[in-house]
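There are two complexes below, and they share chain A, which is joined by chain B in the first and by chain C in the second.
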Partner chain A sequence: MKKLIIILISCILLLSGCWDTREFKEVKLGITAAYDMTEDGVYKNTILIPNVQNSAQGPGKESTQFLTATGNTPSEARTNIDRRLSSTYSPAQLDVLLFGSNLAKQDIYPYVDAYYRDPRMHLDVVPAVVKGSAEQALKVVPKSELRPSEYIEGILDSEVDTTNSFESSLQAIGSELYEEGEDFALPLLQVGDGGKTVSYDGLALFHKSSYTGKDIAFEHTTLFLLMKKQKGKVARITAKIFDGKNPEPVNYTTINIEDFSSKIKSRPDKQNKVRTDIKLDLTVMIQEYPQDHLSLNELPKVKKKLEQALTDQANETISTIQEANSDVFGIGRSIYGHYPSYWKKLDWEKDFKEIEIVPHINVNIRSRGIFR
Partner chain B sequence: MTKSDTKQKITLSQLAYIFIQSQIGVDILNLPTVLHREVGADGWISLLIGGVISIFFVLMIVHISRCFPGEGLFDIMKSIFGKTLGSVAGFGYYVYFLVVAIYLLTSFGELINEWLLPETPILVLYALMLICAVYTISGGLTLIAKVFTFFAVILFLISVLFLFGFVDAKFIYMLPIGQASFSDYIEGIRVTLYSLSSYVLLLLFLPYAQGSYKKQTRTLVGANLIVIFFYLYTVIVSFAHFGSDQIDHVSQPVLYMLRTADSVIITRIDIFVLSLWTVFAMTAFAAYLYGAERAFAKIPKSKKKMLNVYTAAIIVLAVSYWSGLNEKNFRVIIDFQDKITEYFTVLIPILLFLLSFLRRKDKKKEAVQ
Partner chain C sequence: MGFFKQKKNQPVQEKVIREDKMPPHQSTASLEKNIQYMKEELRNSTDLKIRLLPGNKQALVYLDDITDPDKMQRYIFEPLLKTDGDIKKIKDREENDDLNKAVSSLLAGKAVYMIEGNATFYLFNVQQNVTRAITEPVNEKVIKGSHDGFNEDIKQNINLIRRRIQHRSLTIKKLTVGDYTESEIALVYVEGIVNPGVVKELEKRVKNISNDSLLSAGAFSEYIEDRTYSIFPQFLSTERPDKTVSQLMEGRIAILFANNPTCLIAPVTFYAFYQSPDDYNTRWLVATYLRFIRLFSFILAITLPSFYIAVVGFHFEVIPEALISPVLGSIRDIAYPPIVEAILMVIVIELIRESGIRLPSPIGSTIGIVGGLVIGDAIVTAGLVSNLMVIVIALTSLASFVVPSNEMSDSLRILTFPLIILSSVLGFIGIAFGLLMVLIHLCRVESLGLSYFTPIQFRDLKDTIIRVPQFLMKRRPEQLASPRPYKSNELSDEND
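Let's turn to the complex of A and B:
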């Protein structure tokens, strides 16, 4: 009996409290944040905080709150935001992090450092670059959206499904941020329709940790991602396969990629220092062929034209990448991995622009639809 | 048959689990980073070499134990070195076990403080850990064996959760092979061997183990292989996940790579793994505390058992509190541990092994009979 009492008393003493409670009602969670650099070089942080009001029926209506503050570091800006909130602001559940292009062009690392350092932060944040001001993009709240706070996240997510963007997160770009001979790309957004909508605009190419200012155009993202071995739920490419026919749509065809395989091989080369071959095999279905009359005899010709058109697209993308000096395929790292002694002789900063990257695209038309 | 032989017995599988649990301690969380800093992308190779060497040490330990049936580490040392020298060496081991226990406790406190409970006073964390460990070893050898066996399932759980690290892995980061210099390899092997050094503790458990010499050898080598492969797996996952530059900045790569792993049931797998890992930390800590308690019991005369446990616990708690105050103090402990580890885990076992051929007792007994 005595023992039991002692145990009970010690339980009361030990189990009655916790130093590390963080109650949900005491924090305001930011869902999306925008980091900008003003023209005077001052860092500006804008956050979106959703507030859900309870309602008697149906899902609660959501109102959004925007707060902007400046500061020397993200943490200082956060403190300045906090001063205007009734409860504490916490970026621990942030879903999307937008960088204005001005800030991204300098260096993004100082602004994401806290995410890597603080174990409370969620590293699953999707980073994205906004052409122009990120704050402006954040403040776009279309009336038709049920949950305005998830508008931008929704855009990014749906583009992943259609293979125009890929699943990126701060964690995923972490190794590329540090690694030599490897760069990364981030989704690029733009405010359109006179500030009423935000649109996805392609992929922003980075070199080291700064935005190069060059992008992979939206039309080329799918092919680029397929070369990088990434595919969402569906992948569609529209290619121009004829010239000078009337009306204009007749020149084009849209294919649906059902299956693909991609191999990137790099090896030292005497002429261009490094030669990279990208071998991409696509199994496709013709989804749209405005010209009509797609007979079986016609297919080999279409296949040839298609391969030519896709190779042109790929070449265009590759020259953009080389111009931007953004080694998104990790060619440098692969050379270092396979030919370490050769790598030491290279000056990747300069040599990447001069290497030869050759796409080999092979198309296999599996189906042409149910209409002949 | 000596007295202790009849008193307590642990089965072969329990022996294996004791070995596994005392091996996997704090090191598992930062071993990939430490290896990468020393050897670069070749870290896993030096881990393999170090693992093979550790198997030889295990074989040596089993051999020593066979030569002195029924005797624990401290009796063996007295038999080999003589009474005075044996006692000095015994005291040395007492210090060594205490230092390792302090290191384990301080790193545990620091980790939990950084990752999980930043507001909780660190002394409370230490106390909670100590209570668990003291409670485990107060029950004696059989209880330790049972507790360690019970918790072994966590190893498999954690191994499965580590698979999430492969999500963003790129195996190009494992290349190029063979870039590190010879001295780097030696350093990597040394690190590996230290992180597998709990074979010394085996001498405390082996006298009570059932089974023939052959079966014991087989079990322990098997257990050691499990630990080596678990380490190898961890190191490869973290290398492939982080790449060669980022990993040097991340001190607990295993937890770090799970920060984004999202699953349906658990949102933050890193926190979940950390909680599971505390069990490893506790069992390794308890094993070394038990070693210290045994050592203390043998120094002047046998005393009440719980008294030994409490003394060891209080010393560990006090020093851990001091070393947990700031990083400088903690470094002092680590440096001191680094200095003495070599003697107690490499030199003395080798010496014991060599001398055991001269002073062995098992053959003598057979001759008398």
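Let's turn to the complex of A and C:
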């Protein structure tokens, strides 16, 4: 009798454990997923699944599989994908989540909701917005890439290093999705070359959980990110510092930011309700100066011109942000934190457009080239 | 528990009397009667030789196979010639009149000289010593340091220790175990360093052993271990005198066996199995690095296969992005679930190991190549086992062989199995349960009453996980409770 009980108890343990097994080889892992909204208002979900041929000498060549399905809810679309697969579809290893701009303009929260709730999902997935159809971007598979499934992820990662994009993930934007007083921006992609490549196109500005339709252009992202206190491994800015010189390239210079400090200070202001000063100190190296030598006595002039050009750029960016009503600097949150009673009087939804944001950019030229 | 029910009809058997506890049997004046008695007592064995000396009044009795004819010539016959046949004038003799004592002496390799009309007989030690040369133990080789090792002769072994500790406090206590075999064992310790309570406890346990024979050190340790059912060895076994001596100086006890080169050391801790004499012979930084490698290998040996199985069976979310395609490519076409793969591969490796041990070394290496390369490659090509699993299991067994102590290495390989099963059933949580049970068990095990897993405190870490330079190791291990806690006469403790 005792033996029987022991055997039964161990069976309960062992067999119930076996039931929960999810074998890696019996799962189809989606690496990139794209969400679109069709013209009929139905969700369209496309996923990319990499398949690897087995071979004794290491992993073989990777082939990609695309599956598209529609559904009235995101979950239905996913179920419809699963129906066509030989094994279970698992989004647990998803790297990139693409939203078509049409869909993003409505609301992205219903799609990402499931990722926050399911403990098996990984929150490190990078959300991005695609101008036009996300499905189209997903299906771009350049032949030269060794691992086509990592193409889009690679684009986003490399832009982080050059301070054109920042490391975003579902985890990072989690609180900003719904919280008042701070908004977020997502990388913006565009299909180019007649559908052969995907290119990074700047940052898409969000308000709450929907895309405003306004972007920070690629040329302005570096300065914007520096103001936001984020810098990748390198940061380069090309600025127009002269006018009317011939040939045209002579008007430009490229600087390499070696060090920076950024301070964003917001305080209540009678005139504009809130005044924000962004103080950005840049220590730079002049990397390219097409006008031949940059002599020492010309330096103060160049510095002044640079500061002017950068401030213009910053003002342009700020006006875009305010137009978009996307508080990416988190000014609202800062006011809420420091002046809670004042915050209650504000209607941030309207007032953000009215506030004054002033950039103060100070450039310190450390060197004029590789040797000097 | 109904598993170990005892049978009711136990067979009855006579009690055997140990040789040294035989009741005395008075010898008679009759030579013939005495010889007759000895013959009967020795069951008329044919190697009992009775040499009647000229005149048939005197006889020399001995066991042919364990005596040395040269010694007999030197110690009995040559002196006899010098003293004109008067045995009483020969030195180096024992006198006795107990025939049972005579029989015991015969068994110990002595010759009995008897005279007609005299109840007293004389014993001469003419034992033939069969010893092996002192060689380095095969399974405990070191790169630097002394290359001698114990052999089967207990006297020589004690000699090797005495030569290293020339102090009067080195104590040797000989005891015999086994009613038939009367195997000699020697407890060796340094009085004043060793904890006397531990010695008392060990002696008590040895005296309680009741068995016909004592065949090996392993069997001996099973009689006196604190936890025989534990998977972990509680006695450190070594064949190296330098290792033994360093442990004696820490305050431990060494147990030497007659006819067995193995020396058991107790009480030990878990970490003692990860120390090698090499550690004290190299730079301390290098030694520390090697200690880390060994402890890392302990964790690797017991958890790597179970970790892999848990990952591919339950938690593929933890696989890094860059590894997804390689892992997927390698396991996708394998027919069996990972646990079958793992067990298959473990069995293959154990087969190679087990067949390699007993084969002569030229064939042994061939088996390694055939087993390792041919089977390893073919099993992957055939799609029975994924190449990742081959890597995992090969790494695991390599890691288990890193342990300097052979029995600990065997324990580790066994310990892998329950963890493999737990992880294939419950995933990471199974591994957590398994490791927890191992940890709890390790904390409960004791070696001669001192806890096995003790030195998790900074002072004792100096010679466990790391090895600090000698001058910083001023104290003996705390848990041994040595009456001489410091290693030198100067009681400075500044650096502690």
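Simple rule for what comes next: the second predicted complex is superposed on the first by the 345 of 372 C-alpha atoms of A that agree within 3 Å, B and C clash if a C-alpha of one lies under 4 Å from a C-alpha of the other, contacts with A are read in each partner's own complex, and residues count from 1 in each chain.
Following the convention adopted for this analysis, a contact is a pair of C-beta atoms (placed from the backbone, for glycine too) under 8 Å apart; a residue touches a chain by one contact, two chains touch by 3 or more.
Computed from a prediction, not measured in an experiment: that's the story for all the values here.
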Which of chain B and chain C A:20 touches, first, second, both or neither: both
Touched partner set for A:299, first chain B, second chain C, both or neither: neither
Touched partner set for A:169, first chain B, second chain C, both or neither: first
Contacts of A:50 with chain B and chain C, given as first, second, both or neither: second
Partner chain(s) touched by A:62 [first = chain B, second = chain C, both, neither]: second
Dominant contact partner of chain A by residue count, chain C or chain B: C
Partner chain(s) touched by A:250 [first = chain B, second = chain C, both, neither]: neither
Touching partner for A:2 - first (chain B), second (chain C), both, neither: second
Touching partner for A:141 - first (chain B), second (chain C), both, neither: neither
Which of chain B and chain C A:92 touches, first, second, both or neither: second
Footprint overlap on chain A, where chain B in one structure and chain C in the other make contact: 18, 20, 122
Residue ranges of chain B touching chain A (in the complex, touch as defined): 114-121, 124, 168, 170, 172-176, 179, 241-246, 249, 257, 259-260, 262, 268, 270
Footprint of chain B on chain A - complex, ascending: 18-20, 116, 119, 122-124, 169-172, 174-180, 182, 330, 333-334, 336-340
Partner chain A, residues of chain C touching it in the complex: 1-3, 311-314, 316-317, 319, 321, 324-334, 337-338, 377, 380-381, 383, 387, 421, 424-427, 430
Chain C contact footprint on chain A (complex, rising order): 2-3, 13-14, 17-18, 20-25, 27, 29, 31, 50, 52-56, 58-60, 62, 90, 92-93, 95, 120, 122, 147, 149-150, 153
